[in-house]
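In the two complexes below, chain A is the common chain; its partner is chain B in one and chain C in the other.
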Partner chain A sequence: MSYVTINQVTKGYENQVVLNDISLTLKKGEFATLLGQSGCGKSTLLRSIAGLEGVDVGRILIDGHDITNLSPRQREVGMVFQSYALFPNMTVFDNIAYGLKMKKVKNVKSKVKNMIDMVDLIGKEESFPHQLSGGQQQRVALARALVMEPKVLLLDEPLSALDAKIRKSLQKELKRIQKELDITTIFVTHDQEEAMTMSDRIFVMNKGKVVQSGSPSEIYTSPVNTFVAKFIGNYNVCNMEVFHKLVRSTELKGNEVAIRPEVLQLVSVGEDSLDIQENWGIKGFIKDVSMTGNVLRYEVETEESAFLVDYLHHRGEMFEQGARVQILVPKKECIIL
Partner chain B sequence: MRKIKKQKIYLLALLLPFIMFVIGFEIGPLVAMIKNSFYADDGIQVAIDQYITIFKSEFYLQAIQNSLVISLFSAVTSVIIAVIAAYSITKFSQKIQNRLLMIANMTSNFEGIPLSFSFIILLGNNGLFTLLFSKIGGDVFADFNLYSWTGLILVYIYFQIPLAIMLIYPSYQGIKKQWKEASSLLGGSTLSFWLHIGIPVLLPSIVGTFSILFANSMGAYATAYALVGSNYNLLSLQIASLVASDVALKPQLGSAMGVLLAATMIGAMWFNERMMRRIRRDLR
Partner chain C sequence: MKSSLTFHKVIVGLLVMYLLIPLVGTFLFSIAGKWDHTILPESYTMDWYIELFQDERFYDAFRRTLFLIVMSVGLSVVIMLPTIFIITVYFSKWEGLLQAAAMLPYGIPPIVGAVGLIKVYSDGPIQIAGTPWILIGAYFITILPFMYQGIRSSLRTINAVQLVDAAELLGATKFQSFRTVVFPNIISGILVSTLLSVALLFSEFAFANLLVGGRFETIQIYLADKLNSSGHLTSAIVITYYSMILLLTGIVLKLTFRNEKNPVGSNKKRILSFFKKKYCNKNTAIEGEK
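So, the complex of A and B:
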């Protein structure tokens, strides 16, 4: 039984299509992420669910109710913005209590107290937004949305304005709170790593369409097209004709082949450990070595195109720049696009 | 280190004409006015007679009261109109906004005698509109008298509005669209947004504008003088007649009234500031 249903939603500005026939469904309690580059329509879709933007065609349902034409205040959704959007003239307490007061809910005090407790802001009740750090402000914004007990929580790049360390810790906390309250959440981000860590399900968007959906590991291990392969995991995407030439075999059929950088292995030329049953070999030389902490990334130039090869950073095992190598390409790891 | 000092001296030297101007034409007269107000009519004896005269005279007290009432009324009305007008301006395209602001800017400099005469030409007893409407038959201005309290207020409000718009307009840029969105998602109506967030955020600029408008109309002299002459009892008109009249020249009394005028303005600003801080606790 789906809890949120987006049914053939289309929206355009003037002569530009922003959302192109989008359909998707979410289960209750699911943490879904809309992932894509800026301008792909992910924020517009989120804002359409919130009612901050209308749609031209299609329907949006939450918990069986058609909310397509309802105003934002009738939709029972909560939203957290990238820029926090806290009311500057109100204290933390008043910010969180605002919605409850608008809806004339009882027990405002205890509800707000619980929320402040949950987002770990005890002692900051009487502070004003400008006295808080970015991370604290975003917690207030989260509490302000959650205290209304919305049916769906919408998060519009809520962590993008924060620095890396706070971002990581808020990711964990957000996930914890989401699980604790079992609240259906739609998260928008352009950061694939963030999407992988947080989501139960990812919808990859490009040019106003959902190009692939699935669990993080499905999306990562079996991208359906070049866009997803390149956007999600730094895949090596190679034209099939070129690939045939490089491996001297026409065993694979299709347009393109995608290979993850971490499944490739490097061996020195002459060191003959090539298992031709399982692997193909491509000769080349190390053009560049870069390091991102625990990962060593080799850029290997071959006669036709360059490949990225990722290694975990072990002590003493390093190929020098310019070294001649052979790339081992495991046959079963090649994804045909 | 030495270089910086040298630069500072140059900068101060550049400021010198301005400082001299301020001392000569603002601080000097102010000190002289305060000093003068504590002399008796002969200008020799130190006394507080002038203040006693003012507070014992119903005529002068009425002048103060009239000035206060017209200033409060015109400032409040203009601020309310300007808050709404400036908001509507923000709803136009940038191009139209710029043009409207240019008009506001121009008209905000249109005051004093030219303004009064324009009103006389248009709405006076033999004014264009007055005659036009009586000829047409729809005698809208039959009960209207430009040279009265109502007329005076109309002209005051007229010259206050553009200034108020100019002063309030920029603060609308500080109201973020996302506050409105957040408020509506939390169940707030447009009214509750403005009541709880919009107006409080605008408040400092509204209060500041009010103070300026209040001072502006308390001190307005030429407009009132050209329109009602000495027929109407206003503080600024009384001060003028005491320091520049041909009949009864009493500069000491005029100075004392000037001091009271300044005190009212300072008092109004202080009161405004206090009220604002009560509401906007985050600005403390």
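So, the complex of A and C:
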């Protein structure tokens, strides 16, 4: 039974279609992520769910109720904006209490206290937003949305303004709170790593369409098209004719083949450990080596196209730039697109 | 580097002198007794000020001016604030139109405007030519650009659209969100444009003279009338008048300064843009005074 249903939603501005026939469903308590490049319509979809933007065609349902034509205040949806949108004239306490006061709820004080406790802001109750750090403002924004016990929590790139370290710790904390409250969440990001670590389900968007949905590992290991392959995992995507030429075999059929950089292996030319049954070999030379923390990334130039090969950064064994190598391509890791 | 600094200081010094000498001269003249063939007055007296402050006409004129200004500025705030808010937040595609309308008064010289207004309102359904009401109308238009710029940039600075979005999602009605999260954050911005408008209207002469003239003697017209009588008295009026405007400007600057020191922004970028906006505000204000 789906808790959130978005049914064939389409929306355009003057001369451009921003959401193109989007349909998706979420289960209760699920943490879903909308992942896509800048301008692909993520924020617009989120704002449509919140009611801050109308849709041209389609329906939006939450918990069995059609909310397509309700105003934002009737939807019981919480949202955290990218720039937080805290009320500058109110203290942390008043910011968080705002929604409860508007709804004339009882026990405002104890509810707000609990929330402040949960997001770890004790002692900051009387501070104003401009006296807080970015990470603290972020927590206030989150607390302000959560205290209303919304049916769905919408997060529009809530962490993108923070630096890498705080970001990592807030990711964990966000996930903890989400699980603790079991709140259905839609999270927007254009950072695939963030999407992978946080989500139960990822919806990859491109140009106003959902191009693939699935669990992080499904999306990562079996992309359905070139866009997803390139966007998600730095896949090596190779035209099939070119690939046939490189591996001197026409065993694979299809348009393109996609191979993850970390399943490839390098051996020195002459060192004949090629298992013909399991692998293909492609000859080339190391064009470039780069290091991102624990990963060594080789760019290997072959006669037709370049391949990326990722290695965990071990001590010792490393190929020099210019070294002639053979790439081992495991047959079963080749994904046909 | 150092010599260019001295150069700048000299220039600024000269400019200040150029601006201040007439003022100092006027001030001295207003408290001078006998002053014929010496550099500084031979004797000093407060007689002119005493005469001025005992003149019933002065108080009447002052009261009338105050009435006009309070009416026009008050009307402007009451009408423009909701209008600009509604347009920026809910009908942003009409913003260009509103902006064009608000800037229009810049393009019409007061003399031309006054003649047109007299023609239109001297007969027909609304015959208010020669009454203070026509002046209030004209003043409303005169300060429109300031009010518009001031209010709109205050709204932009606090990112009112997003605050309203946030408030509405938390269950506030449109009116509640305006009252509780927008208004408290733009009040000081509005105060600044209000005071600027007041200062501007205090020194407005063309409309006052052409539209009502002696029939509704304002402080400006009173001043012009007295120019023909004693020079000492005129100087006293000018100094009094100037002090009032100075006081107003001082309050404006103080308010602006306080805002900058204690901004309502929540991060550095916002503070920066706040400074920029304020700076633009002042610029337009200065342009307007020319």
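Simple rule for what comes next: the second predicted complex is superposed on the first by the 337 of 337 C-alpha atoms of A that agree within 3 Å, B and C clash if a C-alpha of one lies under 4 Å from a C-alpha of the other, contacts with A are read in each partner's own complex, and residues count from 1 in each chain.
Keep this in mind: a residue touches a chain if its C-beta (ideal position, glycine included) is under 8 Å from a C-beta of that chain, and two chains touch if they have at least 3 such contacts.
Worth saying up front: this structure is predicted, and the values here are computed from it rather than measured.
**Student:** With everything superposed onto chain A, say whether chain B and chain C fit together or clash.
**Tutor:** Overlaying the two complexes on chain A (C-alpha atoms) leaves chain C and chain B clashing.
**Student:** Is A:F87 in contact with chain B, with chain C, with both, or with neither (first, second, both, neither)?
**Tutor:** Both chain B and chain C are touched by A:F87.
**Student:** So, A:K179: does it touch chain B (first), chain C (second), both, or neither?
**Tutor:** It touches nothing on chain B or chain C.
**Student:** Contacts for A:K109 in the overlay, against chain B (first) and chain C (second): which applies, first, second, both or neither?
**Tutor:** neither
**Student:** Of the partners chain B and chain C, which touch A:Q137 in the superposed model: first, second, both, neither?
**Tutor:** In the superposition, A:Q137 contacts chain C only.
**Student:** Classify the contacts of A:K283 with the two partner chains as first (chain B alone), second (chain C alone), both, or neither.
**Tutor:** In the superposition, A:K283 contacts neither chain B nor chain C.
**Student:** In the overlaid three-chain picture, which partner chain does A:P72 touch, first (chain B) or second (chain C), both, or neither?
**Tutor:** both
**Student:** Where on chain A do the contacts with chain B and the contacts with chain C coincide?
**Tutor:** Touching chain B in the first complex and chain C in the second, residues 50-52, 71-73, 75, 77-79, 81, 83, 85, 87-90, 98-99, 102-103, 129-130, 144-145, 148 of chain A appear in both lists.
**Student:** Looking at the complex, which residues from chain C come into contact with chain A?
**Tutor:** That would be residues 158-159, 162-163, 165-173, 176, 180-181, 184-185, 263-267, 271 of chain C.
**Student:** Which residues, counting only chain A, touch chain B once they are in their complex?
**Tutor:** For this pair, the touching residues of chain A are 50-52, 71-73, 75, 77-79, 81, 83, 85, 87-91, 98-99, 102-103, 128-130, 141, 144-145, 148.
**Student:** Which chain B residues qualify as touching chain A in the complex?
**Tutor:** Listed in rising order, the residues are 176, 178-179, 181-189, 192, 196-197, 200-201, 280-282.
**Student:** Which chain A residues qualify as touching chain C in the complex?
**Tutor:** Contact set of chain A toward chain C: 50-52, 71-73, 75, 77-79, 81, 83-90, 98-99, 102-103, 129-130, 132, 134, 137, 144-145, 148.
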